[in-house]
């Protein structure tokens, strides 16, 4: 099974300075799969994503993505393998319009892409952004900013999308909307790794679930099974 | 004191400001993007003048010198970033400043060794020798050319920043280098390029100043202090600020020269003190980052 | 011990066009442990920063012991009797553990004294040691703060806030990033603290909050959603929907 | 790796030896001098900085003077040694170096300095310690009673002498004269000289602009200078300031309207800025190698210098180094040694002709009375070779009339 | 090498013994300075080490202990020298009164510059202090009737110092050294008291974590202003010493290159250590002395050495030595 995985992580360790935060994470994601990565605050979910993107000062182990070893690559090179990341803080760049923020998703993707076409396309998928293309990105509401961050990550058509708590601090209506979007992405064959605190919502979206606690994987199962197993949820995800 | 004299005075202030703008611009762009205050900026300005002179004598034309010196010295700047400054990212914000301070000693002394400590004549290009009759007075052609060239450089720079992909990367990279990495941009290469651009602008300022001033190893030290004042007034990292403050300083020096000439140097420092008392972050600076 | 200590009246905070807080009116009685909860982005940290003086509200007023706090610079808040800890560990890494606390202790008395030898200010040193003892760090007083473990640094953080003997102690997620053992120790510490002084706590960990607090205030989208005893909050349908409901069965 | 015990002993012994060796090295200058008879002359000069070329010329010429004396068997049989120190064109540095020369090297006299500030600093140190100092800087603040002492001699020209000579050559009754002046003591000295000469001739003053010392840009003064419509523009500044000011005046077309004159025209600045900018500029000088056609001593000095320096020609500032050290050595010869009072006495009585004609030190302020040259910068096409920079307009024989009077300088007469 | 553990034990015992010894940092520093003239090639150089050591020590309070990189310390060094010279030469004030007057006036100047500059942070602070110090330079240049302008201040030679009936020939280099060393000792004692005081803890807290210091109840801006003035006061004492030593005040003392030299010295010696400034001053001055005898291009080497220190030895000579010896917190 692991040979066909799009992403395979083995024994991943990571450190912030002297503080050892990941203690050997191993997990894998198949192509076209939606995997929810859940666990308490501070369990190491975000750190796992950051290690994959090359944003940790020190990380060891093996992370294979699309047949390449990621940890030896520099951060920006990982993007070119088809890995897109939507950080928890969204990081909409201030001073730039929505359109320019979207263009940022394309600046490194290669000159053969027609920016206009790509932006038109993505604006169809995100009608809320379409009306606001020339507004400054940071003046959008929290949910709209999240949509923009996702659109920016999607615009270069990545193989896999890493999402860090997309529902955090967002109005329920928009969370619903986002759920619809993720289902559609799954139907289109996109691979998603979703870090969430909103466990139930995430589990309803996902095929499979991985629970992390104190920097280690403590449980893996199908999302449906975990959704049914309140005990395990209670033990590892209680906030 | 008649009006035409005041207009002539304004014009000479603008010409003076134009050189200040181009020099301060390099300093401010590098700071805005990399968070590095380049203390060797004045020394690189001076080296730019020498390089322009050398290349002009090599090719027989001032214009080649004007074109090639900023490129060559800009490339040298990229080398400096790559070999020295890069090691200091992540350390105290003071360290690049201190390093480039030491570097300026090396550069100035290096020029003394190669070209001697005397000045070298830098002739005005033959096409621009002499004065133009503006009706109200005569003004050197070369200084008019400097004003025009700086305007063109500013326009090109503005268009590049606002309208091109590279400009977008630069603007976004200054605000959030991490997200640019996530979006596949090799931010290290952008930093090298920006440092090169900043140094190239210093060199351009040097070549432009060459035919107006005497070219000597110490010509950069005064320029450095002036460029600091301009960037502080304009707001560190602000391009618009550098332009406005550069012209403001040039014109105030010029007008003070009319009424109290011996105060002409002091006026810019006084202007800076006043601006800082009112707006500690400078006219166009963003509060929080530095002030 | 009872009576109103701190009152916020119509507090609002805008960042440019973004509304972080709107019309928060709430009052805190002396001698209670109150928790402020809410999903991420609800405005808890902004509210906290306003209460501790780090941010100035765009609208509204703060009263502390009947005195209006608006317009006071942040450093004066400590002198009024309000002290805080930070969500992200915020200590003096290159000073010793004892020095971390001692420097906080002297703020109210001898801050600009350039002449006396601080090693001989025995009362201050003793007070610092008492605060360190309270958080269980007395044994490590001579070490540099940066060499403490994460949990110990969090405890040091609280000792720093505690040593000024504040009437109101503001604690911002004191258990952030802690494992279960460390969390347990911290909860015990919080319980001890709450016996003697007024504590305002921002927390994520619901069980802990509901167990510790006398009262819970819920923020959501920058507004006050609910305010009441833990049991009321637990059963409040609005709260369940936006917050607890996220993972059913934790009510 | 050798064994622990013995190594440590050896290494300690080696270390001690090394330590004492280095201590000896450091202490050597002090110990090595006890009983030698050498005459030591300190020579602070700005080997680094913008006047390094002038300084190097000064050193070469001073060394030449020493060498010639030693070749003749020294002074009263004693060899002469020149101790050159870099003053970095910094008065503080110069004072420190001079203190070292006096306290550590025990020099018998000091000659040197280029800038006004440095000469005054050196003078302050030497006069407090009773050491003879022959200054070769052109400012005349040092001649005034406040800074003067019996140990102080001024070999260089002063602004009063050069401006008077230049004015005589360029100004006529009724001419309109404007001034661009560096706003510091030396600039003011030059302005004072020009204005006095101009008043004597009967030329009219149409305006004075003071510019900040060390400014790089003079363009802002040009519109106003042009609007004064003078016949002659006197630029009273020095070195780089002068080069920049003339260059920018030329850019503004000033030369089409008026003649530019300067108190001192410098060989090396003319080289640094080029013939086109300087074309037609008139200024004073203490020396120009082309004087050899008019003066035997100039010819002799030139050939001695050329012989010692591979055919190079001496410059204006170089000549100061030669005459400064040369006159001192002659006085020591007369005094029969280094006794300070005797040497002062000999210097006061000395008549010497080393580079350009007869010179002597005036009694009241120890200013060297000497010939003054007025030079005009040649146009490029008129230059016979690279060294052919100036035409000599005048060579005024030295006389007391050229100087400010002793009472004016505050000396008891 | 027989037993590495044995070696370590030895090292440890020496370091703790050393630690106790180094606690007496003022006395120890004075002891070292007392023999300095006999170690250096000239007394003039030794006096300069004293003077610059005091100036840099004052600067270290600002840069090393508070973390504020000023590029304008020359203003206070110069002010101390000018005020001393003017008081003695122009107003006939005796030297022992001129020095405290000069320090007081310089502290006032530091207050004026500090009010503007401590409102700014980070790199801005460096540039603003540089520019304001240049302003002082130009003012001194223009006010030539007071300062002597470009020619420098002269006419206040102190040839004898007499106090309490004792009179010594101040022109004698050895006498001069020990009189000035008394000043340096005074400065060291003062600085040591500041560092040991509650306020000494405040400035370290501000360096470590400005935000937290504010939250602890400190008026950070006011504390920075106070330390700026204290630092200016100590550095100005170095200026007073220079004026007495050289009997001139060169205008260059106010130039930003002097400030740059002070920064170089503190980095060479080691910021945040008590004796580091003296080590740095000595290292810089000896280096300059040695290399400038050897080549006129000494600045090339000075610049290169400085760059290497920034890259590889950011704690400076003394700081690195202390770290190697394992001497802890007191950092003599």
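The chains carry the letters A, B, C, D and E, assigned in the order they are written, with residues numbered from 1 in each.
Going forward, a contact is a pair of C-beta atoms (placed from the backbone, for glycine too) under 8 Å apart; a residue touches a chain by one contact, two chains touch by 3 or more.
Predicted model only: the values in this text are computed from it and were never measured.
Participant: What chains do chain B and chain C have as common neighbours?
Facilitator: Common neighbours, chain B/chain C: A, E.
Participant: By label order, what chains touch chain A and chain D together?
Facilitator: Of all the chains present, those in contact with both chain A and chain D are B.
Participant: Based on CA centres, what chain would you say lies at the far end from chain C?
Facilitator: D
Participant: Please state whether A-B or D-E has more C-beta contact pairs across its interface.
Facilitator: Greater number of contacting C-beta pairs: D-E.
Participant: Counting only Cα atoms for the centres, state how far chain A is from chain E in Å.
Facilitator: 54
Participant: Just give me the whole-number Å value for how far the CA centre of chain C lies from that of chain E.
Facilitator: Averaging C-alpha atoms per chain gives centres 42 Å apart.
Participant: Taking each chain's centre as its mean C-alpha position, how far apart are chain A and chain C in Å?
Facilitator: 32
Participant: Quick check: how many Å separate the C-alpha centres of chain C and chain D?
Facilitator: 73
Participant: Using the touch rule from the top of the page, what residues of chain D touch 2 or more other chains?
Facilitator: Within chain D, residues 48, 52, 183, 212 contact more than one other chain.
Participant: Residues of chain E touching 2+ other chains?
Facilitator: Residues 138, 142, 297, 299 of chain E each touch two or more of the other chains.
Participant: For each chain, which other chains does it touch, given as pairs?
Facilitator: A-B, A-C, B-D, B-E, C-E, D-E
Participant: Spell out the residues on chain E that touch chain B in their complex, using ranges where they run on.
Facilitator: 69, 116, 119-124, 126-128, 130-132, 134-135, 138-139, 142, 256-257, 260, 263-264, 267, 297, 299-300, 302-307, 309-311, 314
Participant: Please output the residues of chain C touching chain E within their complex, sorted ascending.
Facilitator: The contact residues of chain C facing chain E are 52, 54, 73-79, 83-84, 86, 90-96, 99, 102-104, 106-108, 110-119, 121, 124, 160, 164.
Participant: Going by the contact rule at the top, pick out the chain E residues touching chain C in the complex.
Facilitator: Where chain E meets chain C, its residues are 193-194, 196-202, 204-205, 208-209, 211-220, 222-223, 226, 230, 329.
Participant: Okay, in this complex, where on chain D does chain B touch?
Facilitator: Residue list for chain D touching chain B: 48-53, 183, 209-212, 214-217, 219-224, 226-227, 240, 243-244, 247-248, 251-253, 268-269, 271-274, 276-277.
Participant: Touching chain B in the complex: which residues of chain A?
Facilitator: 53-55, 74-77, 79-80, 85, 87, 91, 93-96, 100, 103-105, 107-109, 152, 156
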